[in-house]
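Pasting the structures here.
Look at the two complexes coming up: chain A is in both, with chain B in one and chain C in the other.
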Partner chain A sequence: MGIRFVLMVNKQGQTRLAQYYEYLTLEERRALEGEIVRKCLARNEHKCSFVEHRNYKIVYRRYASLFFLVGVDDGENELAILEFIHLLVETMDRHFGNVCELDIMFHLEKVHFMLEEMVVNGCIVETSKANILTPVQLLDKTS
Partner chain B sequence: MAGSSIMENLFQRTLEDLIKGMRLQLIGESTFISKATEEIRREIKSTDHHTKSTALLKLCYLSAVHGVDMSWACFHVVEVMSSSRFAQKRIGYHAASQSFHDDTPVLLLITNQLRKDLSSANHFEVSLALECLSRIATPDLARDLTPELFNLLSTARVFVRKKAIAVVLRLFDKYPDAVRVCFKRLVENLESSDPQVVTAVIGVFCELAAKDPRSYLPLAPEFYRILVDSKNNWILIKVLKVFAKLAPLEPRLGKRIVEPVCEHMRRSGAKSLVFECVRTVLTSLSGYESAVKLAVEKVRELVDDQDPNLRYLALHVLSVAVPEHLWAVLENKEAVIKSLSDEDSNIKIESLRLLMAMVSESHLADISRVLLNYALKSDPEFCNEILGSILTTCGRNVYEIVDDFDWYVSLLGEMATIPNCQKGEEIETQLVDIGMRVRDARMQLVQVGRDLLIDPALLGNVHLHRILCAAAWVAGEYVEVASNPFELMDALLQPRTSLLPPSIRAVYINAAFKILIFCLDCYLLQNEGSKYEQDAGFNPRNTTESFDDLSAENGIERVATHDQTITPTFVEKKNFMHESIVNLLNRIELIFGPLIANQDVDVLERAQNMLSLVLLIKGENDNSFQDVDKKDTRVSAIIKLMRDAFTMELGPVSTSAQGRVAVPDGLVLKENLGDLHAICGDIELPSSSSFSTAGPHLTATSDASSSNPLINEESGALNESTSLIEHRKRHGLYYLPSEKSEIVTDEYPPANDPKSNSNINDEASELVKLTEQSLLLKKRTNQTKPRPVVVKLDDGDVAPISVQRPEPRGDSLSGAIKDVLLGSETGPSMSQSNPYDKSSRKQKEKKKLGTNVQSEMKENVVDAEKPDSENPNSSGKNHGHTRERRHRGKEKIVEGEEHDQRGKKKSGHRHSRRKTHQRAKSPLNVVSQTPEIPDFLL
Partner chain C sequence: MEQLKTIGRELAMGSQGGFGQSKEFLELVKSIGEARSKAEEDRIVVREIETLKRRIVEPDIPKRKMKEYIIRLLYVEMLGHDASFGYIHAVKMTHDDNLLSKRTGYLALTLFLNDDHDLIILIVNTIQKDLKSDNYLVVCAALNAVCRLINEETIPAVLPSVVDLLAHPKDAVRKKAVMALHRFHLKSSSSVSHLVSNFRKKLCDNDPGVMGATLCPLFDLIALDPSSYKDLVVSFVSILKQVAEHRLPKSYDYHQMPAPFIQIKLLKILAVLGSGDKQASEHMYTVIGEIIRKGDSSSNIGNAILYECICCVSSIYPNHKLLEAAADVNAKFLKSDSHNLKYMGIDALGRLIKITPHVAEQHQLAVIDCLEDPDDTLKRKTFELLYKMTKSSNVEVIVDRMIDYMISISDDHYKTYIASRCVELAEQFAPSNHWFIQTMNKVFEHAGDLVNIKVAHNLMRLIGEGFGEDAATADNQLRSSAVESYLRIIGEPKLPSMFLQVICWVLGEYGTADGKYSASYITGKLCDIAEAYSNDETVKAYAISALTKMYAFEIAAGRKVDMLPECQSFVEELLASHSTDLQQRAYELQALIGLDARAVETIMPQDASCEDIEVDTDLAFLNGYVQQSLERGALPYIPEDERTGMVNVSNFRSQDQHESAQHGLRFEAYEVPKPPMPSKVATVSLSSSTDLVPVPETLYSRETHQISSAGLSSETGSSELKLKLDGVQKKWGRPTYSSPTSSSNSTSQNPVNGATQTTDVATAVNSKVRDNYDTRKQRIEISPEKQKLAASLFGGSTKTEKRSSTSSKVPKASASVPDRSQESKAAVAPSEVAQGKTIQSSPPPDLLDLDESTITVAPPSVDPFKQLEGLLDPSINSTTNHSSGVTNAPDIMTHYAATPASRESGSGGYSIPVTGDNVNLLSELSNAAVRGTTGETTTTPLPQSVKGPNAKDSLQRDAKVRQMGVTPTSQNPNLFSDLLG
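On to the complex of A and B.
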């Protein structure tokens, strides 16, 4: 499994989205998120975007007030994951138009939908923005 | 009922309301959440599907973002999943994948629902079920749904197929038998022209190959095609990862891929791809000099980049190159050292790792010096990183790279005084270890120990206590090489030692005890010596011993022979004045007096021992206080005995020492030991009173007493040993075999002590000391030799560091893949007799997967051809063409191949070629040792 989890956390450290590709109990998730957020949020712009934590490698990127944190296996290509984060943000941006934290808060299930299109079982399966957005747009139309 | 549900529906808060309410925070967040949860609990029981699903949606939100438990709602999740409306079904599936796990009881209920949705005509429903399955699949679910997934793997709907491919990974993991069914189709997808499908399938193979690369060697041709043809960076990165795993297993493969990889490295503008190429070359193609050069060139660009990400990765990947291409690191040395003061601690740590990898004997001291300076300036965390890596590097393989132990010991002492140092435990271990292993370093060790002990400020630092403990032990154990034992004693007795924890305090007391014995012994000896000169006729000790022997015993000679610069010590030691000894005794009495009321038993006991000894000596001294000549022989005898006990050297103990003791024949360890009670019943436990005055070397003391009738207090020990001997005679079965004489059998020698066999009775110890002396003399002549002797044990000194690569998962998955691969090996006889009665599926698998079987019947080849021609998916025009091309490519490399095979049917061509080649190589070797790469490609 390449990607183990995707987190979106605002700069206050509040989780906005948490998607895990392996089962962790609620306590484990909370502990993990707490540790990672503490580690990553303490780092400034001039530091690199990779943090080793337990057996994960965390690749993170900050967009405005929101941190995107992706936990991957050690062997994963870090730069590709950064690109993946950027792709996700661009996709959301295309859908929501100038995406912000509130968009994600209030349309969490749509963001999940996009993520589900991009990543299945920790593997990146889709990298085309149009393809990712098709089902989301269909869902919008029907409802 | 209907009315109530409409009301519920109308007044239900939506997720948006919930989030807005949360943001208002009129009441505290936790109260709000608990209220909302209450509300959800009520709503979720509703019969109205909309109300129910909205409640579940809210619950999912609270669970994911605020960590609210939702396991109680699992049954409702199942209900919502089965809704006919897509929007509701989606909520249900999302909730399931978020909250279900292997132990969720309702998992058994959803199999049919999943099956239904997996076969649905609506591909969004299929996609939901696949997504869910990828997260919650249990072995049961995986087994039951394998047929559905098998169908989806070749569906024309790419949208579904790519997800099904990704789910297969979980399927294989949970239910390895699925490999037999699905693997063939998975492989077929590698040939798909759709980049989405290829992205998914290469991702799956990347994960599979990471766990057990060998099994996927036969697929190398497919991967190679992707590597050469694909333009998609995501795919290329994954395929490079696959090759990084495969290339080390098959040299011919490396030769083949090195050029395309370099081509990508040269041409690609994407940093991620370039970096992956670099990593692949450095990890798996390190034998190809030109490729490595190119990679290092790229690394050099990265290591100086503005972007900290690239700098970090460059350093990271350099550390991969260290074992084989140290030059690559040395070339970038400046950048590495510069990174040591980078703002980012992660980059600093990477550069530290690299720096430690560069260290060799010649510049260890310089690098350590630089690093210690960095450590002084750094924040506590990085400081300890540095110290830790110095300690590990220097300690590696029994101080392999340390030449100058005096320097290293001082370095350890210096580390201890760095304010942020928290590596007490590691330093403690090394100090003691060096003491035991490196005789030549002991003087410096005691010197360093003294510096540490004597500084009252250090006692206040909790992190240093372990180091002080080691220093105290060293000072006590090797006091004979100390420049000034009285100074050491002062340090050990200083009032601030009360800050130490009891366990370490006990070590302090014991060290003080050893030093006291040493001082007294020297004092007595000195008197004897002078007496010996005045009156050769009277020597309170054994008169047969010569003065030289005596002085050798207490180590003075040893020191003197060790190094000529120690002469002042020698002189100083000659001057153990009567007053100074009396002062010492008085001080000990004064300081240890209060300790006999100490809470800790260890401290209490040792202080008591010490005091008893002091009182004993003083008692004797009082009698003869004025007259040294009439010195009581008893005291000197005791002192001498103890001294003897302490001079026995402690050696390092092998971790496997216990294992080396052979289990005697007939000893059944698991048998009931009840009957042992009957045997032991008649043995009285010996009283331990005789052990009150000595430290850990009791056995030696008691044994020595057997040859010295002057001491009657110790006779208890003698009784004990005789009773033991008797017991041994009677029940020899329960004892370990021993070639030694019966009289010393109760004396278990310290493991690996070089002279453990002979140091037991007086004559033997005399002999040992003589040999020791000669040894030392020899050493003096070798003084120019740069590196002192480090005691190493032949085997298992430290727990063996496992350098073996992580073993391929011995679990069922790789087992299943092997089964599939070897399946056609056990197959032949069956397929020979009735080649067509197997399912075509199975045959296809065999065809694809049997590619690395070493010996196979020719019939089997024909057998494997059939399904391929029948298979609508795999053989297209294009396909045959590529095979032909690859085939030609192979011929260049493999010569002496029979060419008449070419006349065969195209589709079967590759197999027959490969097989004949392999047959020629090892016709009888059924169990394949080194799976072959299908060489038609290489």
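On to the complex of A and C.
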């Protein structure tokens, strides 16, 4: 399966985007997000960007006030996931231009569309920014 | 250029503004963004739910408005509240002709619903229709939904369309169709088993995106059954070669690296295909070697690929050259300052040592550093590595470390995990019985309630069975030391229940075995336990069984039983217990005490917990009795299966079945309960006797079962406990297990023990060697503790011949090794230390902490505008520098901010990027200023702008907030900071 979830959470622990690739109930999500954020916030920047939590391995990266957290299975290449996060941020940046937390909040669905292009069934399927953004931009145009 | 950018933004804005996000939505986002606490956020969401519940049912809601409502529902669920009242509206929205509405509808459903939700059936029809649409974006939207919402039942409804779409002219559709099939395969592999050949075909798709996506299902399929895909090895190798040679379109590049994610996936596939297959592996050697050779160890993504190469190399059939190259790469990881790379390095080392165990020794210090690092993640990874390296020579150090760590953490999940690891290692490699018992005691004491019950049973059985080899004496020693340690531990407060069970059982069984302790002493202790943990019925059950045994042994030995008053009261308490199990045990004890020595000895033989009990299933010993009865005219027994047609009401079993089948009310009267049989006591001692007791099985089966699990002497060894034991005896005790390294072990253990003979040659060599070491030692100071740890972990044990051939500095390593250890410990450790450190002292590899470097370096390569901005920076930089970043800056900012704001004021629309533009320029500006003054602060991953209120922030806030038409009192400036700043 690879990627189990993608989360964007700010420093205050408020969720800005959540995409799960396996079904969890609301309560489970809430608990999981709380625990993970607490864990990651407690770490300083000298520690590695990977945390084990229950059966997940979480790869996280911080951009300004926003944490990007990706939960993966055991067999996943953590460094690659770290770069996947960066690719996602770069892609958003290309679309929004100097993307900030507020862009994600105002365009939640678009960020989801981008993720939908990049990750399917928990696998990274598309990494070309042009390919990721084409459908999103076409949607913009048609509406 | 700046103007150009602004124009571009505004063009983009045109469409964004076109959504017409309402003021309400902006307000919602703003208030959520500014919420200070989870509680405040919850209040906002609860209010929002109320609003939405009212609004969403209003008639004739415009499409645009409806889409916004759905997105607001997304917010509700994302923030942890139930939005199920709106699901149906998302379903409706998927019917919409408007593409954006449709896709948003699908998106919402994929986020809301699990694939077993009742509403799914309502959208299957829509999905079917959309899959046939002429607009490929509609098809893609439907395929997205297929990948998330179609379950096993509904697969057949969409399968034909999905298969057709594999040949769709648009690559985006083909790609998603492949992934839809992948999903079907994951959900129900039988439903698409006839279609897997499609994945092979799609591997040759001329669009690299489709090919890349196809690797995902293929990886899964290959992992399940590698042998069926060996023919693809050549194809994968050639694809990998082409990718690595930069033959894919530039758009797949990531930081100048050709399609790294595809490379990694391919390497993963090759690792599986080449595992244990020499022929397949040979195809791969060249391309992997090439990738490693060209590898870029200065970027994260480069290292990600290199790491994957190491994984692949250590998985496929070993190739000496590649392994060496991999070890070199790994050395760089381990020596890096980046924790991320160290982590990867430790992981990779764990893979490499499986094939070349000697690679670990040059990294001893790096490993120990990681072990002692405050970072838990790194520490755990290192434990993982140590676990793989454990052998009988270093098990004590490793397990001790693990236990120390286990005690220090509070995370139950990991505690459980590491406790089981400790137990496993202790069982496999324990150097002595005493150590084993001590180790198990610690594990039980600190993680007792977390370890699997099997572990406790294992321990009891190990103590009970002994180890076979040295027979009686060793076993008795083990038992004595166990008893001794338990009597010591009992005093500690709050021991875990499971540990107490073990203690009770062992005390009951062997407490008086060596004659050191009197029965009254042990029984007193047992009563203490029962009293201290009076809430724990299981412990009490173990305690009373132990008492029973204690007294039985006493009676059997012909001594007079003098029950302590506290024992008496304990038994009395249990006689009246609510638990029938405890009651029964108490009655058994009472009955047993009244019997004579011979009877007691047969019922409770000493140290017989592991004796085999022959169960006479035919009840042959009753033949005489049966015969007698028959002669006296009793009816012969008719087997159950021959009793057809007979309704036997008194037969409990048939009645039971009857009952469960009907599940209705019973109208006939209940059976008169049978009085408890006095012969019940017999159930305790002989398991076969349970069959004898003419009491309906249903009544007592549960109890007898409990007795057996509670460790009654005759039954502890029975099937229930056999779970993990089979291998234990073999593993335990002797180091026969330590597999490939055992040969090097035996030669190397000598130096550790200090039993060595020195030859003249060796000393000569050694003195020279030591000179070298001494000079080096002066340069690098390493704490003696670490050196000691290194020595005990890696010991002499890893000084193999292999090593001597690789390290040219020690001419006769094997000869010098024993000698060195004869010198003081300090001499041993530094020498090994020096080995590791000399390499470290070479110029440090230029691996910056990649986190930061990529953040700051990467964007310019992507965004040409930024480069230009970068050019602009220095000039502004100097001004801000002088004016301490405040006085001049506001002027510039207000200037920029004023124009777009006034321009927008007429339309009143939302145009954050316009101002965000200036903001960005300024944020870079302020960054640059900081950079200029403090020099090295560039490594801080956060833009400094986040900290403290400065002019830039206030301006940013002001501008954006004004765009939103809200008062500029934003409480959360972070909302506006550039992520890639």
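In the analysis below, the second predicted complex is superposed on the first by the 143 of 143 C-alpha atoms of A that agree within 3 Å, B and C clash if a C-alpha of one lies under 4 Å from a C-alpha of the other, contacts with A are read in each partner's own complex, and residues count from 1 in each chain.
Everything that follows uses one rule, which is that a residue touches a chain if its C-beta (ideal position, glycine included) is under 8 Å from a C-beta of that chain, and two chains touch if they have at least 3 such contacts.
Nothing here was measured: the structure is a model prediction, and the numbers come from that model.
**Student:** Based on the superposed arrangement, let me know which partner A:D140 touches: chain B (first), chain C (second), both, or neither?
**Tutor:** second
**Student:** Which one hits more chain A residues, chain B or chain C?
**Tutor:** So, of the two partners, C touches more residues of chain A.
**Student:** Identify the partner contact of A:R29: answer first if only chain B is touched, second if only chain C is, both if each is, neither if none is.
**Tutor:** So A:R29 meets both chain B and chain C here.
**Student:** Between chain B (first) and chain C (second), which does A:V51 come into contact with in this model arrangement: first, second, both, or neither?
**Tutor:** both
**Student:** Identify the residues of chain A that lie in both the chain B contact region and the chain C contact region.
**Tutor:** 1-2, 14-15, 17-19, 23, 26, 29-30, 43, 46-52, 75, 77-80, 82-83, 105-106, 108-109, 112-113, 116, 120-121, 123-128, 131, 135, 138-139, 142-143
**Student:** Note which residues of chain A are touching chain C in the complex, please.
**Tutor:** Those residues of chain A that touch chain C are 1-2, 10-15, 17-19, 23, 26, 29-30, 33, 43, 45-52, 54, 61-66, 75, 77-80, 82-84, 86-87, 89-90, 92-94, 96-103, 105-109, 112-113, 116, 120-121, 123-131, 134-135, 138-143.
**Student:** Taking the complex as given, what residues does chain A use to touch chain B?
**Tutor:** Checking each residue of chain A against chain B gives 1-2, 14-19, 21, 23, 26, 29-30, 43-44, 46-52, 73, 75, 77-80, 82-83, 105-106, 108-109, 112-113, 116, 120-128, 131, 135, 138-139, 142-143.
**Student:** Under the touch definition given earlier, write down the residues of chain C that touch chain A in their complex.
**Tutor:** 5, 9, 12, 15-16, 18-19, 21, 26, 29, 32-33, 35-38, 41, 71, 74-75, 77-82, 98-100, 103-104, 107, 111, 114-115, 137, 140, 144, 147, 172, 175-176, 179, 182-183, 186, 209, 212-213, 216, 249, 251-252, 254-255, 259-262, 264-265, 268, 300-301, 303-304, 307-308, 311, 339-340, 342-344, 374-378, 380, 413-414, 851, 854-855, 858-859, 862-863, 910, 912-913, 916-917, 919-920, 940-943, 946, 960, 974-981
**Student:** How about chain B: which of its residues touch chain A in the complex?
**Tutor:** 15-16, 19, 57, 61, 63-67, 69, 86-87, 90-91, 94, 101-102, 124, 127, 130-131, 134-136, 162-163, 165-167, 169-170, 196, 199-200, 203-204, 206-207, 210, 232-234, 237, 241, 271-272, 275-276, 279, 308-309, 311-313, 343-347
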